[in-house]
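Sharing a structure here in structure tokens format.
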Amino acid sequence: MATIKLWTDEEAAIVPDVKTVFDDIRATRKSDFVNNFWRALANQPRLLERTWSSVKQVMMEPGVLDPLTKELVYIAVSTANSCSYCVHSHTAAARAKGLSDEQYAEFLAVVGMAAETNSLANSMQVPVDREFLIG
Amino acid sequence: MATIKLWTDEEAAIVPDVKTVFDDIRATRKSDFVNNFWRALANQPRLLERTWSSVKQVMMEPGVLDPLTKELVYIAVSTANSCSYCVHSHTAAARAKGLSDEQYAEFLAVVGMAAETNSLANSMQVPVDREFLIG
Amino acid sequence: MATIKLWTDEEAAIVPDVKTVFDDIRATRKSDFVNNFWRALANQPRLLERTWSSVKQVMMEPGVLDPLTKELVYIAVSTANSCSYCVHSHTAAARAKGLSDEQYAEFLAVVGMAAETNSLANSMQVPVDREFLIG
Amino acid sequence: MATIKLWTDEEAAIVPDVKTVFDDIRATRKSDFVNNFWRALANQPRLLERTWSSVKQVMMEPGVLDPLTKELVYIAVSTANSCSYCVHSHTAAARAKGLSDEQYAEFLAVVGMAAETNSLANSMQVPVDREFLIG
Amino acid sequence: MATIKLWTDEEAAIVPDVKTVFDDIRATRKSDFVNNFWRALANQPRLLERTWSSVKQVMMEPGVLDPLTKELVYIAVSTANSCSYCVHSHTAAARAKGLSDEQYAEFLAVVGMAAETNSLANSMQVPVDREFLIG
Amino acid sequence: MATIKLWTDEEAAIVPDVKTVFDDIRATRKSDFVNNFWRALANQPRLLERTWSSVKQVMMEPGVLDPLTKELVYIAVSTANSCSYCVHSHTAAARAKGLSDEQYAEFLAVVGMAAETNSLANSMQVPVDREFLIG
């Protein structure tokens, strides 16, 4: 698996642009664990830097959506896009942020229901009601 | 648009299985508005009944996820599945449930970020870390 | 709509490679109607020829799947891929081949159910049972 | 793999809501085999019950589409949604219902052709012909 | 259409964060035209700023892929994701960057062929050859 | 993995229609390696022949797009369709055709950016600007 090399800490240590991001990942998360997604992106230091910077801003800065809600939205998109890696990593993240079994059960029900009605609406090509349009 | 007829209230009135669901939609939502999705499903009364019953259970019964979170998950799935109808209807539903402009802005940022990282992880075929696996 | 020009019959008449395909579409279907998909593909005569040739072989030659089953499979794929044009054209084709309202209702139920369970299996990342593997 | 635990028969035996569904799966299919999808859903007993009940109604009740056609539609959707689990399980189910190699070959040709023309129609953004619209 | 308001130039003029981006779009592209995508994102000034900044870096900075190749990759992704807006806007951009009819015809053939073989490989669940793996 | 048998060279040797294609794959690519995609398609000799013939025409004949650009478009589609097999095989093909690490880094940035803006445009249901329409 993987179309590119996964960087070890030793390899990261000798490329400053990569090391800086790995260090910031560890400091921000208060954990020594750097997951494979970042080890793969290390092959492209500039993309690594921009992606980490965006993820940090979008997922970790305080805002008006709580962190768990953001993770659920993330898993929902990842499921629909069949991203096995992302489903695994963000489900783990959601659990770390307190997702209970009951919440996960409700989440799965919503994800399944959405996919079913998406499919029905797309099959029947239902026209959008005027009431849903803006302006 | 639409591959099937959209049922008017007059047509629904004379088919008891359809009328029952339309009446329940109105009573449950406390609104006279029945949107096109249900008017299209009325062509298949049994599917109409089962779908409405599931939506009511999944989206409207009290649970451990708040109603707005469920709508955001719904829109996220619908966006990834390119269901224009569903995006319109559930964004309207989310606003009706109090989605603020600030929340919507954060939601969009998460949806976009998830799609980007899904694409990166799928392109690089990043292997799932052991740490994310169960058991 | 359309990122390219749709060819009229007058335009097609003066490009032999396009005219030949349009003539064959009409002869094969025993109808004067040439739908927009082919009028768009006419901008790429070689792709037009290869695509029509494949569609004719796959969808119209006698085989071991009946023509209506093939159309249902086609609509199922088109729905999941959110191809509005293809859903419209192949639902019309299915009706022309005898799709009844009862059959369409059952088809929609299967398409919706499949999408729902796809989403659940992808969310939970269910491992494939050994029993389903070949060899 | 899997973001949740797969329930063993021993675990299922002590939760009545799960045991009832597992028993019904075995009785309905006349087989002792309960595949991983249901063992994963067992974590959410209510979703397990509703999903099994819908699958039984949609896929197993006698209707106007034959069981093999329904399986082909199911695999078609699962393929387009990249659900590896679902493709495996429903291809196995289709074979159990008599899918021949010749039928499978034709099915694959249709699935491939549909995906190709979906992509072409979406790329060129071909407008829907008036002739395909209802009403 | 649109789940949010599209900002006019008058509205943008009075919100400095939005005005700055609109001005930069115009200056960078040497054109007065600001397309709807940015007028929609203006509702979320921070997301507008980050997205424009990334697009500018990824699509417009000199690099080792030529600008037309990047546009073709962009359209390919947008087609597979059924993003009608993006297909339209990036096909227009590709033409502005010199896409010829012959190149577009070859591009469409590749996009269609990729979708077809994706579908076949996903249907048959073909295992990845060892020869394609890294390391 | 795989829902069908992968053909060995010994098995291919005794079915002329399959042997002819395998021989042509080897001759065309000047390599003894026949990858699993073709070994799976060998179960459907007619589909094998048509698919190989199209791939050869689309991907290998001299044209106006260079071979590496075609591979990048192919990977882009395969990524969006979550075809793990296709991403692996065509990334390997792209590298064999000279894809540099720098080019791959830029390609990934474009693929990720496209997916993100697709998601944003689909979420906000941005209407297509008149300026992007043909005719």
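Order of writing sets the labels: A, B, C, D, E and F. Residues in every chain begin at 1.
Simple rule for what comes next: a residue touches a chain if its C-beta (ideal position, glycine included) is under 8 Å from a C-beta of that chain, and two chains touch if they have at least 3 such contacts.
Since this is a predicted model, take the numbers as computed values, not measurements.
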Task: Could you run down the chains that neighbour chain C and chain D together?
output: A, B, E, F
Taking each chain's C-alpha mean as its centre, the one farthest from chain E: D
- prompt: Once chain B is fitted to chain E on CA atoms, what angle does the rotation have, in steps of 5 degrees?
  reply: 120
Field: Most distant chain from chain C by Cα centroid
entry: A
Task: Would you mind pulling out the distance in Å between where the CA atoms of chain A average out and where those of chain C do?
output: 34
- request: Round to the nearest whole Å and give the separation of the Cα centres of chain C and chain F.
  value: 21
Field: Multi-partner residues of chain D (each touching 2 or more other chains)
entry: 1-4, 47, 50-51, 54, 77, 79-84, 87-88, 91-92, 108-109, 111-120, 122-125, 128, 133
Message: Is the chain-to-chain touch network here best called a line, a ring, a star, complete, or other?
response: complete
Statement: Counting only contacts in the complex, chain E reaches chain C at residues 82, 87-88, 91-92, 101, 104-105, 108-109, 112, 119
Statement: chain D residues touching chain C in their complex are 1-4, 6, 33, 35-37, 40-41, 47, 51, 54-55, 58-59, 63-65, 69-70, 72-74, 76-86, 88-92, 100, 102-103, 106-107, 109-111, 113-129, 131-133
Query: What residues on chain C touch chain E, complex-wise?
result: 3-4, 43-44, 46-47, 50-51, 77, 81-83
Query: Across the complex, what residues on chain B touch chain D?
result: 1-5, 50, 54, 57, 128, 133-135
Partner chain D, residues of chain E touching it in the complex: 75, 79-80, 82, 84, 87-88, 108, 111-120, 122-125
